[in-house]
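The same chain A turns up in both complexes below, where it pairs with chain B and then with chain C.
Then we have the complex of A and B:
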């Protein structure tokens, strides 16, 4: 009696699952069709473009003589992009850390300041970096600082939110303990919060460096600076061999940074 | 972490001599005889070293920046003035509200399409590169390919596909899909790897087929974290779709932004468009937080 009951219940689970899967599948297809209609996207065209693009990649992967001549130029731009990404992330991280102290539940000055900090962070995070880039283009022109500040604003907003979460997650116990010993604000920050949230902070900083290298390509295309500009230049001249060399160099840089940060993360976590 | 010296708690009454000596031995003292309260361990050294390296690179970066002949003070003042124009005096001149909202919908759809295609592909690919269910050689091969795909910036994927498909929504969606596919594959594979190995083992012992294991064990246990990752990716894809419109002419509100900013030099218009994008992103973020809280 009991066995049949259980089997029946199990069957129900399987049937219910099947129905759920089918429903989800149908809804996804409907959404997909609707979205394709609005954005004039055609899945077949997308699939059809795939072989041609692959062929393009393969045929341009091996640099020709002209592209090899450009290696020093590409490397110097790549170096600059890497330096900008690290510098932006470090400066933004230092500022965001102190800013996030005001926005964290544990160390906040008062409720109003906390709200303001979170709104400011959300603002910087959500205004697209494209907007910052174009805005700064007007005043800084075709300059390395345009890219620097464009990346800076979004990084600052993102890191502030991330650090607030890290601090809230990690530090409540040690801050309570330090409070009990009568530590002042600075002592709490430097003896309690900073050491305990450091692994989380470092993980975020490494992630942002990687992201910023990728975003700086985009910003470079818009503001005509750095490695993005170089790609755009070769691309528009239809010098695809050099353009793909630029892509390759970015891939290598990102992979190197990813490997290093994975190693570091393994040690510190 | 700070390593404090462990002093046995509890009754202070008459510790045995041996016990006291054991405690003494564990105490590390500095030259002046003070008790050291901070221990050095590998993780702390690594953190310090990394911070120094990063600060060093930053210093080098600032030293080598070629800022040209720019009047920094004037540029900052101009920037502040422009920021004020953009954010405090927004207005729509060239576009109608309806038109802009439609473009926003187009961007939204580009984000949805690339997320759906990316998620479906990533799901099957993650089955091939989760350590607990796939062959080790297969895992390594797939993971390396995915890492390379992820390393190429989205805008470059879009431009590469624009060569064969032409600038437009097809190149945008396929280009955006590449990066989200690689990102989601990694995320999904990690959630599958975190699964309780007992579940899969139990089904295997029952003689369940591969797809039975996938449908009855893997999907039900990882679906919550997969949904959370997918929504996170959707937010990113929406932001990326805006950027692609601007940088790669892929249509949507990003293209309006680009035209206002780089073609008409109309800061007021740019401000209004920015506000619309920001409001959309914030709404998405709230929705995604709600959904994540619900599925958890």
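Then we have the complex of A and C:
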């Protein structure tokens, strides 16, 4: 077989790819070694302490009879937390949808408004919800409203960003067509953009509900409300068995919501 | 008076790309005109200048006695109602039903509120079903658009256009994504609409043979300029090569011709 210049060049591509992968691998190892050295992290020590940690978990974190008795109390707080998360997400989603219309390339009013919308969304999104909660505590105190607004701001920021992308992706074609029929702005939104972007919007809203249930636990610790408060209470009383039951109940709730939202998505899409 | 007139129209994108340069022509009511030319020659831009999906940079465009380039919001809405458009990628709202998409053709003529909630009169609905039946789509009226084939989608596009009761239909590469059989169905529908309902058709096409078969007049565009504007009969091989900036045997149409 004759090896022409062309096939030689092709062989070089495979050779080069192999070299690239090897280099990336070596660099990763070097970064890990360097970082361990600086932070005095020892991988072997870490692994070695694992069995002891497991043993502590088993002896302290398995819910006992006393913890089981607290289930009604835990469930009622869990319910409150879940409902607040759903309420926050739905309110934020409605506002974020209309806000994102101003930030999308397809429906934007003008370039300046679009930039402002994107900056505002980035600001709300990039301040962590825990920080929002700490800031809002000054105005609302340890109140469920503090948690509500803390979650609301991050959810609003994130959903605005997500909806802008969804709208840009799905609706350029039908908006152009509706423009050509003479439809006005609101008609385009409700007849074209909303139906086209519905799958993306619903997926994001369900995802945010899950995320917010997780986050509200942490925020509840700060604001002394909901399931987070309960966790904090048991933890500080060194009642680890009950505290771990709280964590388990949150995990179960998130799993249930995930299952339900998958079902909902399948039916709607 | 001509239905549509372009007077020295130019369009420059971002102050750099010259999509149209000094384009002038006029179209009489009832004509079937094809625009041919290489990709990127400015055919789509030309078509979109008519209903201001693209704003011309210079020159004036008159449609049905109205100045398009200086029209305010209300006048522009009137112009858009009278000029329907058909797209290469159909541009339907895929997740809505066929009949809802057809009814979208009425949006320009409805109040904001009834358009937003999708409230149509019984006459409008009856007409939508009648047009769908004419397009051979009576069975699919309640299907979602994403269940349709390409050829069916384009027929929904035509039905939506007819729903507007337009004076002019702008077709942007209506058959570029379709197989030869569906292409013929679509072109036959357009021709029938032109002849029976006297609706003027301005069609962008990639297929020179299709343009020659269906239209009485052809406009050839190259690099933003009109290089040919005349009856189909006068479109010689030399002119075609000038439009596509090609030499002999470079074009797919030459294969049959040789």
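One rule holds for everything that comes next: the second predicted complex is superposed on the first by the 221 of 269 C-alpha atoms of A that agree within 3 Å, B and C clash if a C-alpha of one lies under 4 Å from a C-alpha of the other, contacts with A are read in each partner's own complex, and residues count from 1 in each chain.
Just so we're on the same page, a residue touches a chain if its C-beta (ideal position, glycine included) is under 8 Å from a C-beta of that chain, and two chains touch if they have at least 3 such contacts.
Fair warning: this is a prediction, and the values are worked out from it, not measured in the lab.
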Partner chain in contact with A:268 - chain B first, chain C second, else both or neither: first
First (chain B), second (chain C), both or neither touched by A:179: second
Which of chain B and chain C A:187 touches, first, second, both or neither: second
Superposition-derived comparison: chain B or chain C, residues of chain A touched: B
Chain B versus chain C as contact partner of A:38, first or second or both or neither: first
First (chain B), second (chain C), both or neither touched by A:214: first
Touching partner for A:195 - first (chain B), second (chain C), both, neither: both
Partner chain in contact with A:25 - chain B first, chain C second, else both or neither: neither
Partner chain in contact with A:129 - chain B first, chain C second, else both or neither: first
Shared chain A surface residues [contacts with chain B and with chain C]: 191, 195-196, 198-199
Chain A residues touching chain C - in the complex, by the definition given at the top: 173-174, 176-184, 186-187, 189-192, 195-196, 198-199
Complex contacts: residues of chain A adjacent to chain B: 14, 17, 21, 28, 31-32, 34-36, 38-42, 45-46, 48-50, 52-53, 56-57, 80, 83-84, 86-87, 89-91, 122-123, 126-131, 134-141, 143-145, 148-149, 191, 195-196, 198-199, 202, 205, 214-215, 217-218, 221-222, 228, 231, 235, 240, 247, 250-251, 254-255, 258, 264, 267-269
For the chain B and chain A complex, residues of the former touching the latter: 1-2, 42-43, 46-47, 50-51, 54-55, 57-58, 60-62, 64-68, 70, 72, 75-76, 78-79, 81-83, 86, 105-106, 108-110, 112-113, 116-117, 147-148, 150-156, 159-161, 163-165, 168-171, 173-174, 177, 215-216, 220, 239, 242-243, 246-247, 251-252, 254, 257-258, 261-262, 265, 267, 270, 274, 277-278, 281-282, 285
Complex contacts: residues of chain C adjacent to chain A: 51, 53, 77-78, 80-81, 83-85, 87, 89-96, 104-110, 112, 115-118, 157, 160, 164, 170
